[in-house]
Structure formats: C-alpha cells, structure tokens
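What follows is subunit A paired twice: with subunit B in the first complex and subunit C in the second.
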Partner chain A sequence: MTETQETKGGSPSRRALIGWGGAGLALGAAAAGGAMAMAEVGNDVDPAAADMGGAVEFHGAHQAGIATPVQDRLHFAAFDVKTDDRAEFVQMLKDWTEAARRMTAGRPVGEGAYGGLAEAPPDDTGEALGLKPSRLTLTIGFGPSLFDKFGLHGRRPAALADLPAFPGDNLDRARTGGDLCVQACADDPQVAVHAIRNLARIGFGKVAVRWSQLGFGKTSSTTPGAQTPRNLFGFKDGTRNIAGTESDRLKKHVWVGDGDGGDGDAWMTGGSYLVARRIRMNIETWDRTPLQEQEDIFGRDKGEGAPVGKAKEHDKPFLKAMKPDAHVRLAHPDSNGGITILRRGYSFTDGTDGLGRLDAGLFFLAYQRDVREGFIPLQRRLSAHDALNEYIQHVGSAVFAVPPGVRDSGDWWGRALFSKEA
Partner chain B sequence: MRAVRLTVTAAATAAALTALPACTAKSDAKDGDAIRVTAADSTCKTSTKSVPAGQVTLKIENTGSRATEVEILFPDDRIVSEKENIGPGTKYTLTAEVKAGAYEIACRPGMKGHGVRQKLTVTGGGTSAERDPKLDKAVADYRQYVQDQADATLPLAETFVKAVKDGDVDAAKKAYAPSRLGWERTEPVAESFGDIDPKVDIRKPDLEAGQKWTGWHRLEQALWEDKKVGAEEKTLADRLLADLKDWQKRVGKAEITPTSMANGAKELLDEVAKGKVTGEEEFYSHTDLVDFKGNVEGAQKAYELLRPVAAKNDPALAKELDKQFAALGTLLDKYRSDKDSYDFVTYDKVGKEQQKELSDAVNALAEPLSKLAATVVK
Partner chain C sequence: MTETQETKGGSPSRRALIGWGGAGLALGAAAAGGAMAMAEVGNDVDPAAADMGGAVEFHGAHQAGIATPVQDRLHFAAFDVKTDDRAEFVQMLKDWTEAARRMTAGRPVGEGAYGGLAEAPPDDTGEALGLKPSRLTLTIGFGPSLFDKFGLHGRRPAALADLPAFPGDNLDRARTGGDLCVQACADDPQVAVHAIRNLARIGFGKVAVRWSQLGFGKTSSTTPGAQTPRNLFGFKDGTRNIAGTESDRLKKHVWVGDGDGGDGDAWMTGGSYLVARRIRMNIETWDRTPLQEQEDIFGRDKGEGAPVGKAKEHDKPFLKAMKPDAHVRLAHPDSNGGITILRRGYSFTDGTDGLGRLDAGLFFLAYQRDVREGFIPLQRRLSAHDALNEYIQHVGSAVFAVPPGVRDSGDWWGRALFSKEA
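So, the complex of A and B:
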C-alpha cells in the first residue's frame, strides 16, 4: 500500500438508462472524441454512452484500464498456458482481442447469446445482455513464465523483474504468478465478471484460469482533484496518485518509453509493467486499535484524510511531522528518490476465513515503467519499516508486462511480441 | 448420478433438437399444418387430433391466468418435446420431429401435476426427415455399444453382489468399481429412463426427504465406512442386481438420436466435471478415477461413431476433439501403472494441483465437445 490519489466521481446509475437506449435516439456524430467512445446498440448510438455508463475506447496507443478513470469494480484473472502450439496460442490472442473489442463496446461475443443454432451452446453467456458497456476495460499482461514458452526466451524485458521475497510475505502458490493476466474493470460487477468468464471460455484448451480476484470497491483514483476512496481500514491512502490527464507524469513513471531496455524491448514501447499483490488485512485487530494509533500508522487523520498537521486531503504532506514508520512518510515519493507508481487497487472480501474473520483486504494493482525502479524498491522499504505491517500480510503476488494498446481493428493483443519480425 | 428432473429435460431437449434444422426451412410454408393448442387454467384444446409424421408444429397460446407448460408425450410419458413457463397471454411455437404412433399433448397449468391431456395420433411411416445414412449407422452402432456395455456389466455386478452376500468385504471392495464401469460409460442413456438411475446410482446427499437409499453408493458406504455388511446390505445387493437387469432389458430400446449421442458425450464430461474431479462421486471408496475413465471412454465412443460426419462438417472441430481426447487419456494414464487395467490411484491420493490439472483437461475437452451436436446435424 503506497501513495495514491483517488476519486469518488459521480458514479453512474447502473441500469437506469437501459430502457431508453437504442432505436430512435441516435445522436449521430454528437460528442465522442477523447477517451470515451459512443457505444452502439444495433446500428444506433446509445446516448448513455456519453455518461460514465458508456463505452471506453478499446483501441489506442496504450491499453485502456491504466490511465482510464478508475471504474467501481474489478475482476482480475491470471491464466496458465496449456498448449505448446504457438500458432494456436496466437489465434487465441486474436480471438480474445476480437471478443474484448466487442465486449468493451457493450456487444456480446461471437454470434451473441441467443438466436443461433438451437443445438449449439450460444457463443456469449448472456448475463450482460441489456447492461450498459459500464466503461468496461480489458487489459492484458504477460507474466515472466510466458517467456519460457513459445520460443520467447530472450524476449523477456529486464524491467519485468521477478519480485524478490519481501519480509513478511506469506504467498499462496495458488494465488501467485501466471503466464498471462486480464484485468477487467467496469462500473457494473456483472459486466466485469461476464468479460472474464467469456475470455476464459474462449481460452479453454489453450489457457486455464490459475487464480482470479474480484474487487468490489476502488481504492484509488486517476481523476485529478477527486476525493480518494477509502480502503477497508477506513483511510484514504495514496492521495498523490498519477491522474489520467497528467501526461507528463504518465510518460515519466508509467509508459515504457522508446528505447527503454534497448532494441529487444521495443515491442513494449507504450506499454507498462503491472504488479498485483493480494494484501490480506487483519480487519478485526485493526478495528480494536485506538484512533490515535490508527492515524499515526497512516500519518493522516481519519475524517478528512489530511496528512499530519494539515487540513485537507490533498495538502502537501510535511513528512517529518509524521512518525518515522508512518505509512505515508515511507511510501511518499519524497522519501523514495521520487519513485512514483500508478495505483489502481480494489478492496476485496472473499467471505470469511473459516475462523469467523473477514477474508478481506486490498487487491493492490500498480502500473510502472520499470518494476526494478518502481514497486521493488518501494516495497523493500515498506516491508522493512511500515507500521502498517502489523495489520497486513501479502498473500498473493504476480508481475506482468502489459503491452501497448491495440491500434486498430486489424491489430491484436501481443502482436508486436509474437510477430516474426518484431 | 444426476437429478432426475434434469435427466428428463435433457433427454427431451435432445429429442426436440433433432427437428429444428428442418423446421427453420419449412415452418413458414407449413404454417397451415400447425396444431393450435389453446391452454387455459383447466382446459387444453387442440385443433386436430391427427397429423402426419415428421415435422410437427404446435402453435401454443396460454389463455389462462397462470404460467403453463405444454408437452408432447410418448405413451410412457417420456417427453418428446416441451416448452416450460409460457406466461399468461403469451404465445409460443414448439416444433418437434415425431414418428408415427400414439402420443398425448399435455398442458400443465401452473407447470405441475398430470395436466390436461389430449390424444394425438401421428400417421405415416416413421420420420420424414432425411438423415445422413452415416448418422443412422452411428446411432445403430451406438445402440449396440450401449447394449454390449449393459450385457458385460451383469456378470461383473453378479460378482460384486455375490461377494456382498457372502459377507466378504475385501472381495466386494475389489469388485465394486469394475461393476460400475459399463454403467458409467453409458450413463446418459440409462438416465433417459428416469427411474433406474435414482435406484442404482444415487449418492447420499442427493436423497430427497423420505427417499430410501439403495444402489451402489449405499453399499459403498457399508463396505468402506462401516466395513461390514449385514442383512440389510445383502437385500440391497439383490435389489441392485434386479434393477440392473431391468436396465439391461430396456436400455437397447432407448430413444437415441445423433444429437442425443453428441449431447450424451458432453454430459459424460459434465459428470466428470461435477462429481469426479471434486471426488464427490465415490466419497467412501475414492474410486473416482475409474468412473472418470469410464465416462471419458463412453464419451469417446459416441464421438468416434459420429466422427465421420463431424470431420466432414467441421474438420477443425474434429481435429481439436481428437487432440483433447488423446490429451485427457494420456493424463489419466499417469494414474495407473498398467494401461490395460482399471486399477487407478484412489482419489484421496490426488493432490489439489493434480485435481486442477485434471479439471483443466476436462474443460479443454468439454468446451469443443459442446459444439459436436450442432455440427453433426448441420
């Protein structure tokens, strides 16, 4: 858990607009442009797309789902590769891309969920029918182990470093690693789950889900000036996150630049590196902690989220006023030679743990230009000194190279890596 | 073992589905031949009592105040085709391919009970749909396979039953899994009868209130958990044998179509995915992998018989199915030392990661297998 800045942007009413999407309300060329695209319903344009229930453009120089304003819900899945046939795997990536293109636009995959051959199961599973695109983004990443397959040895970027063992880690193998991942974010949880479910189905025989994680509440914001959503400790954390509009900071800290890592890593230009950590919170012991101690641990007040001695959440913190082991002080870029990562984590609760305790915490997601200069040094420091460590445990971990965006309708996820000449 | 209710629906669906491709081509032209069914709260009116064999269309209207269900039934109440949950004031068109014979149309207001029945006579010489002779051969060969499996099961079941009746727990345990193989290979066909499966293959958690627990799994519990057999078990062993003889006698007459074969193959993999991969099926004996193998062999047999047609209609699908059947077979072989024996590792020795590997392999096969039915009737 590090430094971020978050949003509670006007979240859209989820299904309120369904009734009047579609015929008769085509707005033609109105609006669109920028990151938000208009969603199509049949051949008409859905006016709901103009608000936050609409569609996020799938194509672009960077994959959506990183700098995109953070959606409310998450379904994240890590996959293992089950085939050793490179052509078959590449075909699956193409099929996934096409399905992602359709789903992010609010359309069903393939021939849809009904109306097809009666003897065949429908291509689409159907539970997202009638739901808005809900700003669904699908973001793919390639894990270090993928580079042991398909003759990709030598293509692995050095910036995709294996994470070292940090003090206090208690990683569950079944929640760690993965040859590839897909991050599905949407404002409607059913839309996010539908997306992962359908990609997993398309992938059967080629890939298998290794683990997956649902996130029910965003804990960070990439929208400037917005309030930071609280984590399950009840605190705002990471209020200085990189905003989706701060192209300078994105360029400096998030996007892989031209020339980063040399010619061999050129396929990653415009991409990013993702660290995912399942951080279990000891909710019950935290809740028994006195308010003063809670505030000292974070280095903020609980009500406003202002740094120690300050009045407002976004006031510049005076780090020396905080205890040496306060979370904000340790995680702040000023304490780490300027290290900055883009946080996109979600609160999770997977029920209870069998001992009556909430199995809950933060599913931490952070994007950065180089893992060796982002999460690793930051977590080295936090894992050694953070007062919060008494209340958290890292139980799952993965790292992925997130390739650049799919440029157009002829492009596909991973093309630059898998094309012969690239 | 699956729930009876599901079984009936699955069989009915399979029967109904064979009709549909023809229907799309013909339905408009043949609109005048449709049977109009007016389903009300206490009546069920049909516009005709007799139609020629082949494509039969029911134009259903629910004029009652409750949701209804309309079915075409064989004389033994097996469902030819059905539509559930037709809301008040709504219409639905149901089509099915029906051979000559005596049938009933049932309206079930409120979707339960015996319903209101009307006779329906279907005239003429069997089905009018032209079927690929290769598919007819596949069905005939599969029917023979099903019968062979039942015939071969009987002596194995007799060995098992004798050991139980002799009170020889060790011999009974040894004979238990082999006695189930033929059943596991052809389970969807047996299940299409509805009444045999709950007698011979029901698991304890699936019992309904007041239902007596009989069959293999009841004896499995006695042998592995109680480690003894008493008078009750000996009686149940006799009953198991009687029920299996009933199965052997009837199974050859089951309604089998290319679609039901293909769906049956997929259902066998569903059985594996739901009960065997989780170790629920053989909760006491942990002989799940023997059932697993039987299910896969049965699915593979149905597929191989349909393969000539599948390979012609969708070569890529056939190639994928060949590959995934082979992969699952290879994976299963890791759990037995002798490929000619059915002596598999017990499932309590199969670790979580191995179970995941098996589950992934089942998904990898079952997903393309779910496309087989549509491919063979294309």
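So, the complex of A and C:
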C-alpha cells in the first residue's frame, strides 16, 4: 500500500449498474489516468477538475479523504450517539463500513438495490443511481465525548485535546462538537449528500445528525504545484499546504506514528486528528475594504497570489517584508517553530443571516498528528494577532480522532478501538 | 436571434485574463461543441455535464437561464428595495446589467479589476478569477410588491397573479416574496455565488438580500432525449419537461406573446413568469417507505423511471394504469387540460433542522406564460390530491415577472418597464 490512496479508473460505476455503461465511463477513466500522471510531474492541472468520474480506493493504511487530492464538494456531518448498547453501536459501525465500501466504489447500498422486496424500503435511497463514483471518499472520526461512552474511558488519546476558548470565538452550540463525524468529499455534490444521507438512515435509532455542513469551493490544494483555489475573500491561502505525494511531510506532521501518545493509544497508529471550524466571513465589510489594505492583511497580492514583493504564488515568501500582523506571516511555519497542518477546507454559503447579509465563509478542516502541537498553538497565535480577525468569526468548532484506514474486506471503522480494551 | 440562447465556446475566460489561457480552454470549447451536436440528435449526453467551461450569450429576445439547458448549480436571491429614489434604482439596474454582461462572459466586474486604485475597494470581489465562465446565466425578475413602488402601479401585469394559499402550505415569511429576484445558474457553484454576491455589493444601499437559496442537483432536463436527473426521493420527475429547442411549446406555454395581457403589459412581450417554491422533503420518512408504495406514489418505477407498466423513462405513460392520486398522473398535461410549465428546479440540502433531520428538498422553479393558467391551477389540483403531499411541505414561495432579454449593449434590465409609463 502506498502512502496515498490511488484513484482506480476501472472500478464499476453507478451508471454501469443500471445498464448505461460504455463510452462515458471509458472517457472518465482515461481522463483520470492522464490527470494523475500530470500531477506527478508538477503540472498545474488539477486532478480534481479533470477527473469527475473515478473511484478512490477505500482500503488502505490510512483513511482516504486526508491525503487524497481535494475533491470539489463536501458534505460533513457530526453525529450524536443515541444508544447505550455497545454491541448495537459496533454493528452500526460495521454496517457503515460496508455501505462506505460500496458507495465509494460507485455501487448502491445493499445487494438488493431495486431488485429487492417491493414491500420493504429500498436498501439505497436512489438519488445517486446513474451518477459516477465522483472520487467519493468517506472519512470517519471519533469525538472526545464518545470516550465517555461504551467503556472507552481509558482509550482517549491525549493528542485528542479539547480546544481552549480562543479570543474572538463566538461558537454556536448547535454547530459545535459531536460524538462522531463523517467527512464526505466528492466531485459531485449529489454523491456526497447521498452518502451522508444513507449513513444517517442506516444509523437511525443509534445515532442522529447533530449538525452538518455543505461546502462547495475547495480552498486548499493538496496537489503539488497546482494553483491554490481562492477563498471567498478572493485570495489564495494555504499555498504551502502539504500535498498527498509528500510522504515525508505527511509522516512528520499528519499521520500518528507507532510511538506516539500513551500506552492505550496504539489503536490510532496510522490515523490523524481533525479540527473542524466554521469560520463566518464578513464579506460585505471586506468588499468595502481598499485593495491595498486587503493585500496587506493577507501579505499577498490579490491577482496572482504572490507574497509581498514577489512575482509568483509559489515564490518563497520574505516574511519580514510583510506587516507584523499579516495572515501569511503569522501562519507560516517559519514563524511558528515549524508547525504544519494539512488543510482541506471548503467555502460555504448558507443563504442569508436575517440581516440581509450572506451567511458565507470557510469551513476549515485541518489534519494533524497531534492537536496540541498543531492547531492549538497556531490558533493561539492567529486569534491574538491576525489582521484578518476583524473580518472573520469562528462560529462552530469540533475535534475528532480519525482512526487508521480499513485494511481489507474483513476490517471495519473503529475495530482497533472497540476490539481490544486498554 | 434564435429561440434559444447559444453557447459560445470561444468567448474570453476568466482564466485567460490572468494569463492562464491555452489548452484547457480549447478543450472546453471542443467538448461544448461536441455535446451540443449530440444533444441535437437526441443523444442522452447532457451538455451541462460535458461543457463546464463555455459562456452563454447574455443578449437576446429572451433572457438566458430559461430555455438554456439547465446548468449544474444554482444561487437564487430575492431582494427587497431599500431606496425610494427612482433614478437611483434605475441606475442600479443599469449597473447590474453591465456587471451581468461581463460576468456571464467570464470577465470580472469593472474594467479596473486589479489594475485599479490601491486605495479603493476592488471592482470585483475576486473569488471567480481564474475560473471559466461555466455557462453562467443571470435572470432577473420583478415581484408584485415592486409595482407598489416608483410609480409603477399601473404597470403590473394581470398574469403576475398573487398565489392563493394552497392546502398544506406552511410558508416561512423569511423565505417568501421579494421585490426583485436574480437566478444565477452555472456549472461551477463558486461562479454562481460570485455573481449574486457582486450584484448584492453593487446594490448596497439600494437593495438588500431578502432570502437566498443554493441548489446543487438539477432535477429537470431541458435537453431533448436526455435522462432526467433524480430528485432527493431517488426518482426521475419532469420527464415531459419542455426542452430549449422546442420553439413551438416554448412559444405556446412559456414566452409572453404580443397580444397577451392588458394595455399596459406590452413591456413583458418576450418575457415569462416565474414561480419559486421551496419544497421541504421529509426524506427520513420517505426512506422508510416500502419500494412499491414509493413507486405507486410517483407512478413510475424507481430504477429506470418508466411510467407504470412501461419499460423506459420516455415511454408515453398510460395514466389510467396509475393510482388516481399518483404524482405523474395528476401533474400530466393530459389530466390538466394541457397545462404545461417549464421546470428548472434544483435539489437543496441546507444542513439540519435542529431535530436531527436533514433540511433538504426541492427548490422548484417554473416558468410559464401566465401564472393564472400555469402554476395556480396545477398546484390547486396537486395540493388537494397528490399522494406525495404526505412527504413534502411547501415552506417558501414567490412569483416574479421576468422581463424580455437585453437586446444589445445599450439596453438594460427593465428598460421597457421604466422608460415608458402606462
């Protein structure tokens, strides 16, 4: 198994299952192969844009959806546990795993699909029938509150630290926390929504959706050399993000290692820790800010995305040329003793806020090896000093332990956690 | 000018403007041409899926975004007027028209873009820089309440009828009505969101967003012979929808004709009337309904979408084989004295409802020649009898007069309404 999850061009598509196969699928596979080859030599073609059809391998040492090149769309859901029956919860995790295995391969949930019993509800809700796998990945995480349940008290990793209250936080309880999460990413939003909906359906009575978030514009590039997508402030941010092919940086900053944590944490080896923050952007205020001020705040020019005084986006920034409170200067690893996280955020627009303003912003998702050495010190610094704080507000927050990948067809999400007690 | 708006493959792209032109753009144009050619001979390739890059012509006898093949994503916004200064409002309509002309061609708002003054806010918010035109269309509509303002009392067309209260309506005032609307459709959601945001920014102080809606999965096909996309119940609905190339049905059922309406309505010739309804789907209940019952309710099979007793989606339905309250039977023109509307709806998922259920459904958009002869009689029948009513609820509603197209570079949205008094 390689460090990153590979795209499988030849996997079955939902379309093929209902008899629509042929040219469209072959085209998708060819496009996928071509795009991946270009990405490997540092071309700025974005595989996510070029490959709308392929399937991403579900099994591996790590869960897909972390080092996988960022897909175009997100549906993220946090769940609360509603059962106190451990066996029932474990069975749900097994059922979820099997459904995830099928959906990520472009297959409907359940063997029956529409050949099943007419007097029973369909195994699959159907709205993704005929759609391609769309590089769907499903990534599960366990929140701190899960470890208060099912006799898991001794198994909570120390690296799954509660986040402190940061200056400027204005967290909505209804968009914060959760016992479990599932991150669904795909190039087609209907495929991502279908996946979360079917997991919620399978979990009915055992778990309930606590909050969810759709994201439509990826804001980070996880492809080396690619142009970084723009956030809703119109800027490129996260240019130095870790790409999926950088196994050294992934190993150092993202994947939990063998010797990490305490005695009871071995179940997390190969996993990671996820911080999710819903960051509202005051875009109406931003849009009335002069261009020079916008560029000073970020420490980049707006058109090209180059650091202050440089010509190109990927030119190495000269941090001292930026204002002391510039976002890039404060967030850069060189200003933070090397702190590096893997960002995988999405823009969101959730209608209006009742005051005539768009409820829009960044749904920030970051993976790291240890929350205490990643997001927490970085956000302490940014929340205290970042010039951008005048235009943003953190309104939702959660942290999850993301277990290692499902190894094979007999494995399931959370097996290492639930099978062996500390 | 042809009856439908044409896709222009060779128009400038946002990408080209910042120096990224070349192979990607040429590929997009070739794909667009190929897909359009196939659509014309009835192939089931969907131009919206194949052509992610092209620009749709803004000028024409009719506004684009009605007969235009449905794009993948929607951002719809209703605005309230905040000024009582007619000249100021007219200037805003002119400014909006110029911005719409530029954005639909893939160009940023304003000539300055990022060569402008550093001490001024940028003319364009920037998040669509580097993105393709993505078949963006912007379509304006005027709500009944606009005609109470600016001395327009005598100009309200009779065909812009207020909708009655239908059985089962549960309308949220915050998602209902509006003096103006803009429908932004594009194959890239960031392009659609960028367009609405920039219009809202230009309108600051003159209008404010009353409500808005994002849609992600188109639910209607306006391409002849294409497979109809599935709604969130997993069914194909709207198989007999009017396609953009059917000029006879468009003329009869969608476009306002010369002799329509009263003396003061001539300004609407070439326009249409839009009904928007936010329809919440109780998908958790639906998902627990047996397959046979789901199929009886729609009057179609779920896998293929064929009418009861038929083999293929596009086979002519035998309505009497369906249950009397089946959705297809009730909505079919043969049951309604020929009532035909052009549907252009999108699925939505707006997070959760606070009760652990997805806030998901159908944002229904329908264009017609006269609301009194289109949506109103159709919905009277459906709201009273449709078996689907157990699973849906109309929670938002609005109606708009959609004026004819902007003819040329000197024309602007609403000119005929504002230039000549009745």
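Criterion: the second predicted complex is superposed on the first by the 365 of 422 C-alpha atoms of A that agree within 3 Å, B and C clash if a C-alpha of one lies under 4 Å from a C-alpha of the other, contacts with A are read in each partner's own complex, and residues count from 1 in each chain.
In this section, contacts are C-beta pairs under 8 Å (C-beta built on N, C-alpha and C of every residue); 3 or more make two chains touch, one makes a residue touch a chain.
Worth saying up front: this structure is predicted, and the values here are computed from it rather than measured.
When the two complexes are overlaid on subunit A, subunit B and subunit C occupy overlapping space and clash. By the touch criterion defined above, A:174 lies against subunit B and subunit C together after alignment on the C-alpha atoms of chain A. In the superposed model, A:205 makes contact with subunit B only, not with subunit C.
Which of subunit B and subunit C touches more residues of subunit A: that partner is C. Judged by the touch definition given at the top, the superposed model places A:117 against both subunit B and subunit C. Legend: residue contacts after superposition of the two complexes on their common chain; A:75 is shown touching subunit C, with no touch to subunit B.
By the touch criterion defined above, A:367 reaches neither subunit B nor subunit C.
One listed stretch of subunit C collides with subunit B once both complexes sit on chain A; from 9-17, 261-269 or 315-323, that stretch is 315-323.
Contacts of subunit A with subunit B, set against its contacts with subunit C after fitting on chain A, overlap at residues 80, 117-121, 174, 201, 204, 208. Within the complex formed with subunit A, the subunit C residues making contact are 18, 20, 24, 45, 73, 75, 80, 113-114, 116-122, 124-130, 174, 189-190, 193, 196-197, 200-201, 204, 208-214, 216-217, 227, 230-235, 283-284, 287-292, 294-295, 301-304, 347, 349-352, 354, 356-358, 360. Residues of subunit A that touch subunit B in their complex: 80, 82, 117-121, 174, 201, 204-205, 208.
Against subunit A, the residues of subunit B that register as touching in their complex are 17, 20-21, 259, 320, 324, 352, 356, 360, 363-368, 370-371, 373-374, 377.
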